[in-house]
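By written order: A, B, C and D. Residues from 1 in each chain.
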Amino acid sequence: MNAENFEAACGVIPASYARQAQQGRRRRENLIKSLLSQRRLPDEGWDEETIELFLHELAAMDSNNFVDNVGVGEREARVYSGIVARRHYRMAHGVGRSGDVAASQPKAAGSSLVNSITRRLALDAVRICGFVDAASVLVLPLATGMAITMALLALRQQRKAGRVVVWSRVDQKSCVKSIAAAGLEVEVVEGVLEGDELRTDLPAIEAAVSSREREAPGSVLCVVSTTSCFAPRAPERVVKAPRLCARLGVGHLVNNAYGLQSARTAHKLSKACRRGRVDAVVQSTDKNFMVPVGGSILAAKDPTLIEAVNGMYPGRASSGPVLDLFVTLLAMGAAGLRSLLRQREELLPEMRARLAAVAEARGERLLHTPRNPISLAMTVDKVGASARERTQLGAMLYSRCVSGVRVVSADGPSQKVAGREFRHYGAHHDAYPHSYLTAACAVGLTRPEFEAFAQRLERTLGELAKMRAKGAAAAGAAGA
Amino acid sequence: MNAENFEAACGVIPASYARQAQQGRRRRENLIKSLLSQRRLPDEGWDEETIELFLHELAAMDSNNFVDNVGVGEREARVYSGIVARRHYRMAHGVGRSGDVAASQPKAAGSSLVNSITRRLALDAVRICGFVDAASVLVLPLATGMAITMALLALRQQRKAGRVVVWSRVDQKSCVKSIAAAGLEVEVVEGVLEGDELRTDLPAIEAAVSSREREAPGSVLCVVSTTSCFAPRAPERVVKAPRLCARLGVGHLVNNAYGLQSARTAHKLSKACRRGRVDAVVQSTDKNFMVPVGGSILAAKDPTLIEAVNGMYPGRASSGPVLDLFVTLLAMGAAGLRSLLRQREELLPEMRARLAAVAEARGERLLHTPRNPISLAMTVDKVGASARERTQLGAMLYSRCVSGVRVVSADGPSQKVAGREFRHYGAHHDAYPHSYLTAACAVGLTRPEFEAFAQRLERTLGELAKMRAKGAAAAGAAGA
Amino acid sequence: MNAENFEAACGVIPASYARQAQQGRRRRENLIKSLLSQRRLPDEGWDEETIELFLHELAAMDSNNFVDNVGVGEREARVYSGIVARRHYRMAHGVGRSGDVAASQPKAAGSSLVNSITRRLALDAVRICGFVDAASVLVLPLATGMAITMALLALRQQRKAGRVVVWSRVDQKSCVKSIAAAGLEVEVVEGVLEGDELRTDLPAIEAAVSSREREAPGSVLCVVSTTSCFAPRAPERVVKAPRLCARLGVGHLVNNAYGLQSARTAHKLSKACRRGRVDAVVQSTDKNFMVPVGGSILAAKDPTLIEAVNGMYPGRASSGPVLDLFVTLLAMGAAGLRSLLRQREELLPEMRARLAAVAEARGERLLHTPRNPISLAMTVDKVGASARERTQLGAMLYSRCVSGVRVVSADGPSQKVAGREFRHYGAHHDAYPHSYLTAACAVGLTRPEFEAFAQRLERTLGELAKMRAKGAAAAGAAGA
Amino acid sequence: MNAENFEAACGVIPASYARQAQQGRRRRENLIKSLLSQRRLPDEGWDEETIELFLHELAAMDSNNFVDNVGVGEREARVYSGIVARRHYRMAHGVGRSGDVAASQPKAAGSSLVNSITRRLALDAVRICGFVDAASVLVLPLATGMAITMALLALRQQRKAGRVVVWSRVDQKSCVKSIAAAGLEVEVVEGVLEGDELRTDLPAIEAAVSSREREAPGSVLCVVSTTSCFAPRAPERVVKAPRLCARLGVGHLVNNAYGLQSARTAHKLSKACRRGRVDAVVQSTDKNFMVPVGGSILAAKDPTLIEAVNGMYPGRASSGPVLDLFVTLLAMGAAGLRSLLRQREELLPEMRARLAAVAEARGERLLHTPRNPISLAMTVDKVGASARERTQLGAMLYSRCVSGVRVVSADGPSQKVAGREFRHYGAHHDAYPHSYLTAACAVGLTRPEFEAFAQRLERTLGELAKMRAKGAAAAGAAGA
C-alpha cells in the first residue's frame, strides 16, 4: 500500500497501529529497493512472505493484469486455467522478445524485471561459488544440453567453416547429442587411465585438433571440455585445455553441468578464463541451485559469445526456469548459498570414509579418484558374475528408495549414440578394469540421507551375497 | 511497490515500461484507497489478483510478519505449519481483543483492518439485500445458533429477571438448543394451519407472554421469531410480532438464518424495525453469502443490543469467518450481490412450476405455501406406506448425488430436544396432514442444477413406484 | 489413484516405473491407514506433500465436491470465491451438527473425519504435554474466553441454583468477561504476596465459598483457577484447590490457557484430576500448539462436563480452528511436539539468567518467581519516574519490533472490568511493591530470538537512562 | 484413499457416510481411468478439484517425493524453496531424458505420465481445431521460434547439403532469427499486392528454389511458409506451396504460430498434408491454447521429422510448458475447446463490422483482407503527417490500457534483421500504399473487451484529430 493508503487506514484503525504497520512495510520496501538499485544477491535470504508479496507486486506490473486491460493482439497472455495462472503468479508473457532473450518486454514490465534481475543475481551466485572471474552471464530457460547446442550454433556464426568439435569422452548421451543437434561432427578423444582415475589425454586432443585443421583449416569449431562427471573419470584439465585452445586458435566450451558446487572446479575455471580461451561455461540451474530441471547459466569472462547467444535466440521463451531461479536465489541469499556449499564440502570426506568402510567390509574398495570433487565410486567386482547380475544391485537399491546410484559393469555392452559407437558405454573408457557403482556428494545432500544410503547399501550387498551363496550351494548340490 | 522503488526499477527496465506499470499499479492502489476511505462495498467486485495482493499487503502489516520481529509474549502468532500459515495468509492473531470482539489489536494492524472493514461491508450487504433500516451490524465468528445464544445472554444482562423465551415452534434443533444453552426456559407456541401453510399463532404468543409475566413480572426475556424456515411453515408475522413485543415490553430476537436472500423478508424486517421492537436479527454468513459455515451477522436499527454483544464477548476469536466474508464481498461487489439475489428471485417461480409438474405426474401436489419465499414442499403421501418407506426416498436421492432434500412423514416419531418432547418432530406441527419433501431455492442454485434435481427426483419416484407395484404383486401372489 | 489406475498407467509409461510409483504411493496410503485405524498422533510428523494429498482426498469425500452433486437444501456449501474455497481446501460444511459439535455430518464425510480424528490427536497431544490423566477432550472452534463461558453454561445446567463464581484475581480481562458473559457473578479473591511472588490465598477462597453457600446454599457454581499467568503471579495451587472444591461440593474449572506447554503444570493437573475435583481444564490451541488464534481444547479425566458442552453446543461451527490443529499435529508428530516442549524447557533457565544479567547491569533485578514456569519479570523501578514514563519503555520496545513485553507500573491506574473495579489493574494485586516488565519463554521461542530481545532491551534501557540523565541535567541547569 | 482406507474410515465416521464418500471418490477415479486408458481429451473439462487432486497423485509418483527417498545422484530434484516446489506441484525432474524429449524417466513416473498424456491430448486438440490429418505431434517446451530452429536442424540431418531456406517475407523478427540461429541462409521472396492484400508469390518461390538448386543441387533445405500473420498480409497459399515442395523435392515447414485457432487455416493444413509435402507444422501453445508463453506443438501427418526432432533433442527440459498445457486441456475438455473456437469465429464478422464503422467515421477504411481469418487492419492515413506522429496513436492506446495494436506507417524506416536489410520493416512489403493499424480477433477475446477497444480507439482518434486541428489553426494563425 502506498503512503496515502496508510493514511486512509488511520480512519479505520488507530493511527498508531497504522504507523507501526507502515514502518514494518517500509522495511520490506527497503529490501526491494536494495535489490532494484544494487542488483546484488542480498546477504540474507528473504522470507517467503516478502518474496510472495514481491511476486504479486511484479505480476501487477504486467499489462495483462491491469484492471482495465483490453488486449487485441495475437498474444495477450490470456490464461484459461486458474491453476496455471496461479502457478505463474499470473505472469504469462514469458521472457525475451524478438531482439534478444534477455530483453525487456513493453507489455510485461514485471516479468522483465524478474528476467533482468535474475541475470544479475546469477552472476553474483556464480562468483560466490568460486568462479570469481565470471563477468558476463546469461540465464537460459534451456537445460544444459540445449544450452551447449545454442552456444555451438552461436560459435559457428563466428567461425563459419567450423564443423568439427573435439571432445574428450564422457559417457553422458546428452553431451554428444548436443553437438550432433547443432549439425556438427564429434571427434572423440579417449581418456587415459592414471591409477583408478580416467584423465584427459591432452596430447591426443592437440593431435586431433592439429590434424583436422591441417586437413581443412578452420574446420575445428571448438573443444568441449567436461568438468563435472561421474567418477572414476576426473574433470578435464581445465587450465591446460584453454591454453591449448588459445594457442591453436579454436573455440572452447566448458560443460560444467554440476561443477559450480565445487569450489575447486569453480576456481580452476576462473584461472582458465584468465590464462586461456574459454568462450562459455555452461552450468545447470537445477543441479547447482536446487530448482526444478529446465534452466542453465552461461558464464564467461569475455562476454562475446554470451551476448551472441543472447542476440541469436529466436523469439520468446518460458519464464519458468528464470522465475524458479529468481525465487530461489532471493530465498537463499548469499549467506544461504555459502552455507549450502560449505555443507557439501564438509560432507565429502565423511562420505568418502563411510563408503570406503562399506566397500572394505565386502572385499571391495573405494576407487582412488582424488580429482573428482563430487562423484565417488566403489568397486562391485564381487557382486554378481555378469553385467546383468550386477545391475540387479541398482534395481534393488532403487526399489529400496535409493535413487541416483549407477552400477557400471566392466563387461557392459557397447552403444551407439548420435550415430557413433562407444565400447563399454557408461564406463567412459573402452576397457575400464573394474565394475563399480557411483554415488554423488551433491549440494543439498544431508548427513542423515547419506547415512541411510550407506545402511541400505550394506543391507543390499549382504542380501545379494546370501543369494549368491545359496545359488552356489544349490548349483553345488545339483552338480554333486 | 512504493514510488521510490518504481524509480529504482527504471535502472533495470526501460523507464517508460516502469511508468506504465506504475500507472497500472496506481489503479489498484486507488481501489484500496476507495475501500479504506469510503468503507463501502465496491460497486464492481475485485479481481482475484487485486484481492490476493491486498491480502499480502495486510499480512505484512501484522507484527508477527515484520521482518525483524521478536516476540516474547505468550501469544505471538507463531505458526508451526506452512500449510496453515499460507491458508491464513499469515494473519494469525485472530479478531477482537479483551475490550470487544470488533476492537483493533495493536499487534495486528492488518487483521484489524480486515475485521473493521468487513463490519462496514457487511452493513452495506445487509442493506443491499433489502434490510435497508439496518444501522448497526456485528460479524461474529460464530454460526447462527451460537450467535442467538450470545444475543440472549447479552439481553439478559439488560433484563436480569428474564428467564423465559417465548418461541413459535420450528423444528430445527439448534434453535431450541441455542435458548437452552443460554440457561433459559423455552415456552413453545404451536403454529396454526391455514390451508397447507403453518402460520404463527400471534394471539397464543401474546397469551403466553402475558400469562408468564403475570405469574412473574419481568420473567419473559424475549420472543424469538423465525423468518427463514422449511415449507410448509411460513416465516413469522414479522411486522406484527415486533409490535406485540413493543407493546408488552419484552425483547425480540429474529432468527433470520437464511432469510437475507429474500427481498420480501428483508423488507419486512426493515418495516418491523421501524414499527416495533427488534433487538437483533441474526443471519448466517454461509447461507446468505456463500462462504463456508462459521459466521453470522447480527443486525438492527437500534445498536444497543449489538454493542452489548460486542462488548460482552470474552477475548479473541478465529478470524477465519471474517476473512472469508471479507474476500467474498470484495469479490462480489454490490453488482455481483444484486445479480445473485435477482437470479434467485427469477428461479423461484420456475422451480415452483417444475416441482408442481413432477408432483402431478405422480398423483401428488405442490403444497400451497405462498408466504415461504425460499423453501418449497410437495406431498409424498403415495410414496411408501410408512415413515420408514418414505424416508427411503431421501436416501435414494442422496445416493444419486442429490443433497438437501428432506422427507417428512405424516406419521413421523416424536423427539426430545433440549429436554422437551416434540410430537411429529420435523413437521413443525403435532399433526400435519401430509407427508412431504422439501427443496429450497437458495442463493447460488443454478437452473441446470435444479433441472438435474427434477429429473433425478422423477426417476427415483418412478423406481419406487415400480418397486411398490412389484411388492404388491408379490404380496398378492403370496396371498392368492 | 487406485490399483486399477496404476494398471492403466502401465499402458502409458513403462510398467516397472508405474509399479515403483505405486509402491511409493502405498507408503503414503499406509500412513493414512495407520492414522484412521489407530487414531493416534503419528510418531514422526508427516511431510507437507502427504498432508496436502490427504486434505485433497478428504475434500473429495464431502458431497459439495462430488462431481455430479446437486444441492437443493438451504445450506449446500456453495463457495462464491475461489480464494475462499482453496483456503478451506474446499471443505465448507463446518464442524458439528445439531446433535453435538463433535458429531459427523452426512453431507460431509471428509470434514467429519478431520473433526473426529483431530479430537483423538488432541487427546494424544494433551497427554504428551504431561497431562497424562486426561481421558476426554473436546476441540472447540472458540478461543479460551468463550470456551470458559461455554463450560460455565454447561456446568450451570447441572447445578441450576449456581450463580456465583469464586475466582482468584488475575488481571486478564477476558477471564472476568467470560464469567460475566455467562450471566454469573464473580467473587474476587485477592492473592497473597510471598516474597516477590503472588500466590493463591486458599483459605480466603474457602472462606468465600463457605460464606456464599451459607447465605444461599447451591449458589456457588464453581471455583475458576488459573494455571498460566504473567509473573510475578504464580499459577494456582492446582492440587490443593481441587481438593477444596471436592470437599465443598462446588464445581472447578481450570483456565490453563497456555499452561500445557509446561510439563510441571500439566503433571500437576493430572494429579489434581486424580485427587480432587476438576470439571474441565481449558487450553488454547494457538498458545500451546502454534496455530492461529481461534480454538481451544477442553480436557478432563471425567468426561461428564466435556460431553455436556459437546451436547449443548447449538448447531454448527467453523471448521477452521479444527483444520489448523489437524494439519499442525500431523506435521509435528509426537516426536516434533516433544522436541518443541524440550526446547522450551531448555531455554527457560538460559532466559532467566540472561534477563537477570540485563537487570543487574541497570541496578534492577529479576523478580524471584520460581513457581511460574513460563513468564519472567524484571523490575523497572529505576526506569522513569511515573507510570507514563515507564510505559514508554514498552512503546519503545514495540517500535524496535519487540512484541509481547508488558510493562506494569507500581502506581498504575485502577480499571473497571465487567462492572467491577480493580486497583492497580494489570499488577494482579492492589499494591505490588515494584514496577516491572514481563517476558515469556513460550513454546516456539528460539534462542536467537531471545538474544535479539535481550540486546534490544539493553539498548533501550540505555537510551532511556541517557534521556533521563539529560533531562535531569537540563532541569538542574534550569533550576540553577 | 484406497479401499482399505475407506474401510478404516468406517471406524471413525458412520459407515454409510464413508461409503457415500467412496462412491464420490470412485467417480473421480473413473475420470482418471478414462484418461489413462483412452488417452483422449475428455469430452467435458475437469473441475479444478479433480485436476489438483490428480496433480498431487502424480507428484506422489515421482521418486523425489517418496517418503523414504534417499538420493545420491547428481540430480535428485531437490528443491530449495517451498514456493518453487509448490508451483511445480513438487514435480521437479523436468521432461525427457537422454533418449528423447518425450521419453519416460525412471525416477519420475508422475512427470512422465504428464508428459506422455499431454502429447496425446495435444494431438486430439490439434484435430479438434480442424487439422484432422495430423497423425503425429510433439509438445516442445520451446516457443515457436526455437521450435522452428529445432525442426530446421533436424531437417538438415536428413539433407546434409541443405543450407538455404526460401521464405516469403513476413515482418516478424523471430522468424528470420530462427532460420539464422540454425546456421542457415534465408532467401527472401517478397509478396505481391492483390487489392489491399499481400499474397505469396508462388512463381517467385519456385524460381528461387530452382535457381538455387541449379547453382548447388541439394542446397535448398526447405521452404518455410507462414499461415498466421498480421493483416494485410494473407496466410501462405498453404495447399499450393506443399505441392511445389513435393515437386521440387525440398523440405517444407509451416510456421502456423497462432493459426490453429482458425478452422479454415487448420483445414487447409490438413489438405496440404494429404496433397503435398509438409514436414512439420509449428504452432504456439500460448497463442492457441491460452497458456503462458513457452511451448509449441509440432504436428504432421508423416511422423518422420517429428520423431527426428524428438530423438535429436539433447537431454532434459523444463516440464513447465507441458504441465500448463496438460492442466489447461483437462480443464477445457473437448467441449470447452470447441466452444472457445466457435466464439472466436462468431466474433470475427462483428469485429470486422465494428472496426469498419470506426474507420468510416474518421474517413479511413477497413482494409479488404478476406483471406486473413484472425488479423484485421484499418487505414490510419489521415492520422498524423509522419511515421512519428502515427506511432503516437499506438502509444496513446497503450497508455489507455489497450495492448496489442500495431501501427504501421507507409513511410516507416528500414531495418536490419539477422544481417539482412528489410525496407519499410513491419509492413511485410517494400512499398505498401497505406498506413494502418492492426487488431486481432484472437481466441479468448470477448465481446465486451472488443467493444471497449473500439470505444477507446474512437476516443483516441478524436483526440488526435482535435490536436491536429489545433496545431493547424495555430500554424495558420502563425502563418497569417
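The definition used in the following text is that a contact is a pair of C-beta atoms (placed from the backbone, for glycine too) under 8 Å apart; a residue touches a chain by one contact, two chains touch by 3 or more.
As the structure is a computational prediction, the values presented were derived from the model and not from experiment.
If you compare A-B with B-C, the chain pair joined by more contacting C-beta pairs is B-C.
Greatest centre-to-centre distance from subunit B is found for A, with centres as Cα means. Rounded to a whole number, the gap between the C-alpha centres of subunit A and subunit B is 56 angstrom. Each chain gets one centre point, the mean of its Cα atoms, and the points for subunit B and subunit C are 29 Å apart.
For subunit A, the set of residues that touch two or more other chains comprises 20, 24, 48, 52, 63, 66, 68-69, 82, 106, 398, 401. Taken together, the touching pairs cover every possible pairing of the chains. Touching subunit D in their complex are the following residues of subunit B: 20, 23-24, 82, 398-399, 401.
Within the complex formed with subunit A, the subunit B residues making contact are 1-5, 8-9, 11-14, 16-18, 20-22, 24-25, 27-29, 31-33, 36-37, 39, 47-50, 52-53, 56-57, 59-63, 65-69, 82, 90, 104-106, 109-110, 112-113, 116-117. If you check the complex, the residues on subunit B that touch subunit C are 48, 51-52, 55, 63-64, 66, 68-84, 87-89, 91-94, 98-99, 106-107, 141-146, 148-150, 153, 156-157, 172-175, 177-178, 180-183, 228, 230, 257-258, 284, 286-287, 289-295, 312-321, 324, 327-328, 331-332, 340, 374-375, 398, 401-406, 439-440, 442, 444-445, 449-450, 452-453, 456.
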